[in-house]
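Both complexes shown next keep subunit A, but they swap its partner, so subunit B is in the first and subunit C is in the second.
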Partner chain A sequence: MFDDTKSTERVMADDDIKITAKGVDVFYDKTHAIKNVDVDIQNRAVTAFIGPSGCGKSTFLRCLNRMNDTIDICRVTGDIHLDGNDIYAKDVDPVQLRARVGMVFQKPNPFPKSIYDNVAYGPKIHGLAKNKAELDEIVEKSLTRAAIWNEVKDRLDAPGTSLSGGQQQRLCIGRAIATAPEVLLMDEPCSALDPIATAQVEELIDELRQDFTVVIVTHSMQQAARVSQKTAFFHLGDLVEYGETDKIFTNPVDPRTESYITGRIG
Partner chain B sequence: MNDTNHIASAFDRDLDSIQALIMKMGGLVETAISDASKALELRDTDMAQIVRKNDKLIDALEEEVATEVARVIAMRSPTAGDLRTVLSVLKISGNLERVGDYAKNLAKRTSVLSEMQPVNGTGASIRRMAKLVSVMLKDALDAYIQRDADLAADVRARDTEVDQMYNALFREFLTHMMEDPRNITACMHLHFIAKNIERMGDHVTSISEQVIYLVTGEIPDEDRDKADRTSYVAAPKES
Partner chain C sequence: MFGLTLIAVAALGIVFYASARSRAVSLAGDNQQALHSRPNYHGFLAFLVSILAGVAVLVVVWTAWGSFIESRFIAHILEAQPELSPIEVELVLNDARAIAEGGIASRTDALRTQIATEIGSQTQLHHYGTMALALLAAALGGLWCLKSAHLGWRARNRSETVVRRLLLLMAAIAVATTAGIVLSLIFETLNFFNNIDWQIHKFLFGTTWSPLSGVQAGKLDPEKVGAIPLFAGTLLITIIAMLVATPIGLFAAIYLSDFASARVRAWAKPMLEILAGIPTVVYGFFAAITLAPFLRNSGEAVGLSIASESALAAGIVMGIMIIPFISSLSDDVINAVPQSLRDGSYGLGATKAETIRQVVLPAALPGIVSAVLLGISRAVGETMIVVMAAGQGANLTANPLEAVTTVTVQIVMLITGDTEASTAAGPAFTLGFTLFLITLLMNVVAQRIVRKYRETYE
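Let's look at the complex of A and B:
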């Protein structure tokens, strides 16, 4: 016991970039919600977006899989590249993009279908399984990765909505990873969960970063500190500070970051 | 660092009260150093006794600081400047407690030394050295209150003078002992006293480094000039 002196690995290779955003602006009608944001999201790491309500962190997250396309008055300008390819290019199908960049929302939102179908739906419509056996395998693998398989394997036909809140959220994460995405966007995934379910989801996020790039929006600064390797602080539509999470939480550069994370009025 | 208040005002009160404990401790330790060195020079055993007794207050304050810091970490999850404040407070209180112990040890040896023949001139030298450390401590605590990293760096640099004084005393004690073996017992005690004051200087240096960490977020590099050369000194050969 106590013979391993290495603490949680935090430092990442800086050159492995999954998503690059340059000069991104977002307008809702006349409201300038995101102002000229540049950010590089690292591959196979967890990046947390923090900031007070209305700072633009969710809006920016939704730019990364073009969820803002669904809002008529919303206009996005600037460049966002996934693996070097412009995701706003004319020939990019947003539906295909969202299979690569999955999303988990604040409130668990299972489809009103069985647990099995919740997970099988995505792979089915994207043609990822040739037959029932393959589909079964994807469902089991996804639910195992989402750390819920053991709890639901005996009742896959039960409706997804019959699960508890924490289980529903893990089901939604399982559903999101069933299409084998490369990036997982999470918009306050634990805000409707109790502390135990929150801890389970955080543990899951930490495991997922072995294979996925995770971007999480959270109101809980402690959660950002616990799960992420990189943290971006947004304030009034500006990206104020972006850097290593441990640096942001021990010695931030910008006084606005310090004011926010220490719980001061600033 | 940040001067504005927390949204949770109880957090501000917690941090303020811990820092007030440190200031109280600092005051007691400054008094202990000056009283102990005065008692040694004046061979005042009553004063030495008071210094020994008051060390209990310093120890109790250190425990109180540790308890409060644990509570703040558990309840408020401090980050950034707040985190550096509680961490530095914990280290500073540890340093102050050690300085208090050295002052107490000085007072203990005073009780023994006052029974012996005084060794010429050494009491005043030791008191000058103690005075220097005491002023450094005062400045380090001022630097803490004012969040003044420059003053802290200045205090840190001044430790060299303490080291040099210790070197000089070390040679002086050797000379006294070689001149007259009857000085040996007293000089051994005096040497421990000088060494302990030199160690006080090191703890004050560590406090200054905590102030620099608190203000800048960086611990200063270990590139300070060390002037304690006594490890290399051998007694002059008898001819």
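Let's look at the complex of A and C:
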């Protein structure tokens, strides 16, 4: 699954696809939230989902690690393959899937535990560390990757909720990295943050694509333009346009995309 | 008569409401905006002032006049027959009242008939006089409002002040009642300690409880007021009850909040709450008539001797009674843990069990602890179940299969027993005060825990 030779290879090939979605439909009860969406998500790149509120971009994101399973009335049809394997197949355990496809949420949601335990939570439940020393190392590495280690290394025992909003969000990103996922899903990770914290998280996202496949949902078109290589524009449950970020923002094909990025609808 | 006067005052108030309102309208004429207060406030103020004046006069004059004429009757009776004791005077007065109202008296004699005629005339005067005064006061209050009204009359501000003072009065009544109860507990407790020559340690640490045996002239034997068996019994039953209620209540809450489908939840939660609505007296006879004999018989079958009134039976049933408290409160706090925390945990690949054990329960813990402490307060203060199922003898034991007694049971025994109230009240009030202190302490601790460890989630 995790091929070490790839991490040195920085050339992005278009056929290096991590996730393939084909004909995905999502229903909340009777509401048709996602309509026949096809997307190929590139490995080790940042893919941004943009679109107006209620367009289904978050719903679609949550299909990628089967988070929608936790909502009773939600029904997903179609094919989603991770590394060629159907993640909605009967024998796939969503719990194991989510260990490979991590998620960071809109609002920072640190657990009511210490900073250390917040990060150690995932490695502990998945048995990633054989002893305390290894766990310490994972925690330090994850927090360093999340660009927050220097701020919290002296108070790892403090509750995670005592941090500021931006720090909490980076803690949550560190927590997600600690379980060593292959894909990181981010659902509007900066919407509750101020501009400085947003800049820090964006910088972090850009670094993370060296090791992870990142999919980010965002309201902010500037953010999508800054951090992503690929952009998908959703509107009213349809995937309107999907392609290279540069192309979407400079030369969109669909008139709806153009209206949205120029601010006429939204 | 009192009620009739009240109705008359209220009717007068409504009349003043209407007239003050229409006076305000006519004062303003074409320019309604010239009025400082809307006409409704003019009316409302007149209504309030007239009613409050009327009711105040009614209550004060009625009681003052009534006690004045009563003291005159008593003086008359004592004048005629100075040798009567206060209780006999009371009897004569009651008989005279019965004669005056055409009822049946225990005896009819010259004095009684004379007093009866006096009562007849005086009472009529009392009633009609009070009514007239009350209506006069209401009318004066209302007229004062009508007369004072002008364009700049601040009827709204004034009526709001009146309402605010009324609310203050109600709050003061509630607080004063609480303070009065606590004070009376404290004084009776001090009185009791005085009766046992201030040997408080004998009450707190003594092991023999039989306060009323050999009591003469209100003097209690300090050797027989040891409350330890009562505290021990209360503690034993409370522990058994919490051992039953905490796991069942908590696990039920976890099931309801995180596992049950919406349909199951929709009927299971109300069912649990019905359990909380069953009167404790029903639990009590369930314990005494159903569970206790069952326990005794099953005990016999395995060679255990279980008393027919046992701490075990009372504790189990009390635990059942407390289940809905724990489950309902815990369910609320578990539900209050934000979905985002659960999502965060699921997003890391945690299972439902891991999420609940390591994220949801720690987040909800302060609330759960306070639910348990509230449950303990209930258990400590519970009376009917233990009266029926736990036993009455002050028996110092840690064996749940034997009969024990509790603080509340002994209070019931003391107050409903045939010892005169003044003697029995001392130990009863002291036990009540102790119970009050324990429950208060528990509630304070529960609140502090909640406040200290509460995580604030938006």
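Here, the second predicted complex is superposed on the first by the 252 of 266 C-alpha atoms of A that agree within 3 Å, B and C clash if a C-alpha of one lies under 4 Å from a C-alpha of the other, contacts with A are read in each partner's own complex, and residues count from 1 in each chain.
In this section, a residue touches a chain if its C-beta (ideal position, glycine included) is under 8 Å from a C-beta of that chain, and two chains touch if they have at least 3 such contacts.
Everything quoted here is computed from the prediction, not taken from an experiment.
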Contacts of A:Asp91 with subunit B and subunit C, given as first, second, both or neither: neither
Touching partner for A:Asn251 - first (subunit B), second (subunit C), both, neither: first
Which superposed partner A:Asp154 touches (first subunit B, second subunit C, both, neither): neither
If touched residues of subunit A are counted for subunit B and for subunit C, the larger one: C
Touched partner set for A:Asp72, first subunit B, second subunit C, both or neither: second
Partner chain in contact with A:Asp29 - subunit B first, subunit C second, else both or neither: neither
First, second, both or neither for A:Gly263, with subunit B first and subunit C second: first
Touching partner for A:Gln222 - first (subunit B), second (subunit C), both, neither: first
Contact residues common to both interfaces of subunit A (with subunit B and with subunit C): none
Subunit A contact footprint on subunit C (complex, rising order): 261-262, 338, 340-351, 354, 358-359, 362-363, 455, 458
Subunit B-touching residues of subunit A, taken from the complex the two chains share: 221-222, 225, 249-252, 255, 257-259, 261-266
Subunit A - residues contacting subunit C, complex: 65, 67, 70, 72, 95-100, 102-105, 107, 109-113, 121-122, 125-126, 161, 172, 175-176, 179, 185
Subunit A partner contacts - residues on subunit B that touch it in the complex: 1-2, 4-8, 11, 77-84, 217-218
